[in-house]
Amino acid sequence: MLISRRKQRLLTFITYAVLVGFAFYCLFPFLWMFATSLKPDTEIRTLNPSFFISKPTLKHFDNVLNGSAFITFFKNSVFIAAVTTAASLMISIFAGYALSRFIRFKGVKAFSVAMLLSQMIPGVLLLIPLYLVMKNMNLINTYWSLILAYTTFTVPLCTFMMKGFFDTIPYEMEESAEIDGCSRVGIIFRILLPVSLPSLVATSLFAFLNAWNEFMFGFVFINDEAHRTLTPGVSLFKGLYQTDWGSMMAASVLSVLPIVIIFVFMQRFLIEGMTAGAVKG
Amino acid sequence: MTLRERRLRTAAYWFVLPAALFFILLNAYPLITVLWDSIHFKNLLNKSLSGFSGLSNFKEVIHNEYFAKALWNTVVWTVLSVAGEYAMGLVSAVALNQQVRGRSLFRAIIIIPWVVPIVIAGMTWTWMLTPDYGIINLWLTKLGIIDKPYYWLGELDTALLTVVFVNIWRSFPFYTISLLASLQSVSRDMLEAAAIDGAGVRTRFFRIVMPQLKIVSLTVIFIHVIWTAINFDFIWVMTEGGPLYASETLPIMIYRYAMESYNFGNASALASMMLGFMICGFILYYLFSQRKSRT
Amino acid sequence: MKARKSTAIVIVTSLLALMLSACGGGNGGDNDANKADASGNTDSAATGNEAEKEVNLKFWAALDPSTDEGKTIQAKVKEFDEAHKNISVDLQVITYDILHDKLVASINAGDAPDISWGLAEWFGEFNNFGALADLTPYVDKWADKNKVYANVWDALKVDGKVMALPNYLGIRALLYHEQILKDAGFDAPPATWDELLAMSAAIKDKTGKEAYGIAGAGVRSPQELIMYLAQNDVQLAKKMDDGKYKNTWLDNPDELAKATEVFKFYQDLQANKTITADAKTWGWEEEDQNFVLGQYAMVVNGPWIEGRSTENPEGMKDVKVAAPPYKKTPATFMEIAPLYVYNSDHLDATWELAQFLMSADYQNAVNPSKAPRNDVVSEAGWGKDFMALADQGVVFPTVSLGGITKAMEDALARTMLKNDSPESVAKWLAEAINKSLETTNELSGK
């Protein structure tokens, strides 16, 4: 019993109020997109915008799924984002561990500074140099150009996040394992990762979404529909003088929903990963 | 150095090697290019001027009429965005950490803004915010909060703040998830022990929970300060830095130098300056926190 | 503790599995890349023996694949592809939003496509990069050369050489809601600026709507400004004897006065409430959308507005076309959307494609109401009304425009947001234009 029942009730009420407020803030634009995607063309851009739809239609969804290469874009994005996530997680677990435990070595310190600096260059100045690098490696118009680029973009942040999470884990836990004869890698995988499962989920979500959402390089490195990813793909509905709002919104809804659903399943690890082993109050 | 220390060092270098390889392969070259170009004449449209330029790129950039304005906007944009995102992230993470019904639904809802592609989110918000056919203005007038529709993105005094608002909407879920993850590691035993000792909700939150969140908070804020400062997409999609430079930040200026004037010398000089500003900021912060921890 | 361990193992194995499966999927990508490589090889091999080997042309177009027009273009290009055994066309759809940055990156990395769509505003820049191919010999031999409007060819020439080809024309005309004018008691749209300003009070009184719309910001605003300047006989930059350009307003009090009048006109529109207060920062989207919704009576705009009638049939049903109101000389902005042909070693094949894209057959199918050819003018719809204005069309000078159009936008912001005096704005713009010309080495010394 942490607090009195009356207070508990008040707290629950406040919690709900806060959550409903946040839900409204987060959902509002999405609901607008969803409503738009179901409207016939004549109801989309009017002087009396409303969520009410007098003649709902699935025409835009049909156009997106059957009239465009949406499915290809979606598959490409899933593949690229998944590989990026796996790669940057692998890399940053080790780098983050080194930063957390071995920052006393000069090389590691220099490395962390260099990574920080790399985050401070605006993307537009990377455009031509990276294009040249990719061209020299013969990677223009391949999945690997994007995977390499996105991994590079996400590794620094993932590393710092992992470092932050590892920092909260006391070193004593490792020492006892070391005495038991565990190798460094063994320690990371057997001792640290299980404890930092929620953090792993948070980090991988970050890496995934970063790759999922990227726009500029997705357009610049890729030359054909077969390799194009979702975000540039969706923006194709924006024409020169006229935007096909209905289809664009339908495509956005279709690209958002699967991720949200995956997240619903993933959050078990985010939340219960830790409490599973801990004593419940 | 002991043998064990040496072994550890080797292990440490192996651990950072993959990340370092990526850095060298794809980041080092652009980084050096930026620093190099900043002290050279490099205008893709005017090849007649080339070679070492000394500080003339920096001078040109500083003498740009809107440089000070853009610098100030960048500070406002970064500070307000990060502060707002952190506040929202913390409140939502604490709320989501309570044992209430339907919290997995709420958690799913909260990540939605993060999943919507930025370009689409920017266009949708722009549409919703327009005076004549935007739903937000319509609702606000109907509710009597404002008398008549207001052109949020088109007026000098509100353009930047409006984009900040949308940016907070977009970015706070990341804080929520990170903070939520580390809230999980706050020991319940400790909270209970404190409660038995008579600590109230507030004391428990500030004395036990917040210290636990400190490292993650600092990491997230630290990274986001950098990211927000160099962020470009939202402002570009929603206002292109306008009206009359009211929402122009340094990255927008860099984009203009690079992609409108093709003056990569100036663009790189500005980027190097930004790098310098940020490094100074972090050094100041570092010294400050060192002094504070000593006293 | 055990539970935790096992979950961790599950996560790690699934991660590894993901990576492995990812690698499996990746092979597909690799194969594709190899294919692309292979065709790339034939590409370079083709140089020696073009007639026999297949040439692969990269064509980047900003078409909208969800419209009929976009589908027609794709079908037509496919038709060309199938009709030419030795040429295969690799058509890629890239929106204008990103096309510019993508072209700049690929040109500067020496990896440009063979031919692409583009905006007229990029012409000077791309030419300055040295990326565009000199097409004069091909055009001179082309049988249909004289079918293209003469002023279109002029706009695509640099120093007498044809450096780009016409794709389609976006001529601007005055569009007006006939019903709004009738309700306010007018039978015809205004012919001059003064008439327009005089009409606004009556329109506002009788219908509660504004008379006119402008774009105060964004890409559209310099296009409108150059039109108003031309309607008052002023040029942005003149070509001088040394072949370079210069803005001469500060050398010539008469020109400065005329330029000042243009900025004064903008301020009058605002003071008079001929335009809504918001229009000072409208981009093209707001301008178009509000017109289509019937929020104001008249606008100078392009033929694409006709396409909006599917979305807003109610607002569009009374829209009519007329010549834009002017001050001294009737003039309108003519957007010549170019086809850029880049330097490569298989120009002959690229020309084949370009010629097809400019042919009467293609233009009739794709651009019936906005073709650059005088033998393709659609009788239906708005085509004829717009094409009638082709002769009075003005275009941007063929210099690097990035800095200049930005300065024009700023000049409008100074006029309407800061309320600077029109004369000081004109002076400021004159200086800014020359400064931009100087940085790109295109400023005349005279």
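All chains are identified by letter, namely A, B and C, in their written order; residue positions are counted from 1 within each chain.
The rule we apply is simple: a residue touches a chain if its C-beta (ideal position, glycine included) is under 8 Å from a C-beta of that chain, and two chains touch if they have at least 3 such contacts.
Given the structure is predicted, the values throughout are model-derived calculations rather than measurements.
Set against the C-alpha centre of subunit B, every other chain centre is closer than that of C. For the pairs A-B and B-C, the larger set of C-beta contacts lies at A-B.
Once the centre of each chain is set as its mean CA position, subunit A and subunit C turn out to be 35 Å apart.
Rounded to whole angstrom units, the spacing between the C-alpha centres of subunit A and subunit B is 16.
Each chain gets a centre from the mean of its Cα atoms; for subunit B and subunit C, those two points are 34 Å apart. Shared interface positions of subunit B, i.e. residues touching 2 or more other chains, are given as 132-133, 259.
Touching of two or more other chains is recorded for residues 101, 104, 108, 289, 293, 295 of subunit C.
Within subunit A, the positions touching two or more other chains are listed as 45-47, 90, 124, 127, 195, 235, 238, 243, 273.
Listing the residues of subunit A that touch subunit B in their complex gives 1-3, 7, 11-12, 15-16, 18-19, 22-23, 25-27, 29-30, 32-33, 45-51, 90-92, 94-95, 97-99, 101-102, 105, 107-108, 111, 114-127, 129-130, 133, 148-149, 151-152, 155-157, 159-161, 163-165, 167-168, 184, 195, 198-199, 201-202, 205-206, 209, 212-213, 215, 230-231, 234-235, 238, 243, 245, 248-249, 252, 255-256, 259-261, 263-264, 267, 270-271, 273-275, 278-281.
Residue ranges on subunit A touching subunit C, taken from their complex, read 41-42, 44-47, 63, 67-68, 79, 82-83, 85-87, 89-90, 124, 127-128, 131-132, 135, 138-144, 189-190, 193-195, 197, 200, 216, 219-220, 223-227, 232, 235-244, 247, 269, 273, 276-277. The part of subunit C that touches subunit A in the complex is made up of residues 1, 3-5, 7-8, 11-12, 15, 18-19, 22, 25-26, 29-30, 32-33, 36-37, 58, 62, 64-67, 90, 92-98, 101-102, 104-106, 108-111, 284-285, 288-289, 292-293, 295, 302, 304-305, 307-308, 310-313.
Taken in their complex, subunit C has these residues touching subunit B: 100-101, 104, 108, 125, 128-129, 216-218, 278, 280-282, 286, 289-290, 293, 295, 400, 402-403, 406, 409-410, 413-414, 417-418, 436, 439-441.
By the touch criterion given at the top, residues 8-9, 11-16, 18-20, 22-23, 25-31, 33-34, 88, 91-92, 95-96, 98, 100, 103-104, 106-121, 123-125, 127-128, 132-135, 138, 169, 173-174, 177-178, 180-182, 184-185, 187-189, 191-192, 195, 201, 212, 215-216, 218-220, 222-223, 226-227, 229-230, 232-233, 251, 254-255, 258-259, 264, 267-268, 271, 274-275, 278-279 of subunit B touch subunit A in their complex.
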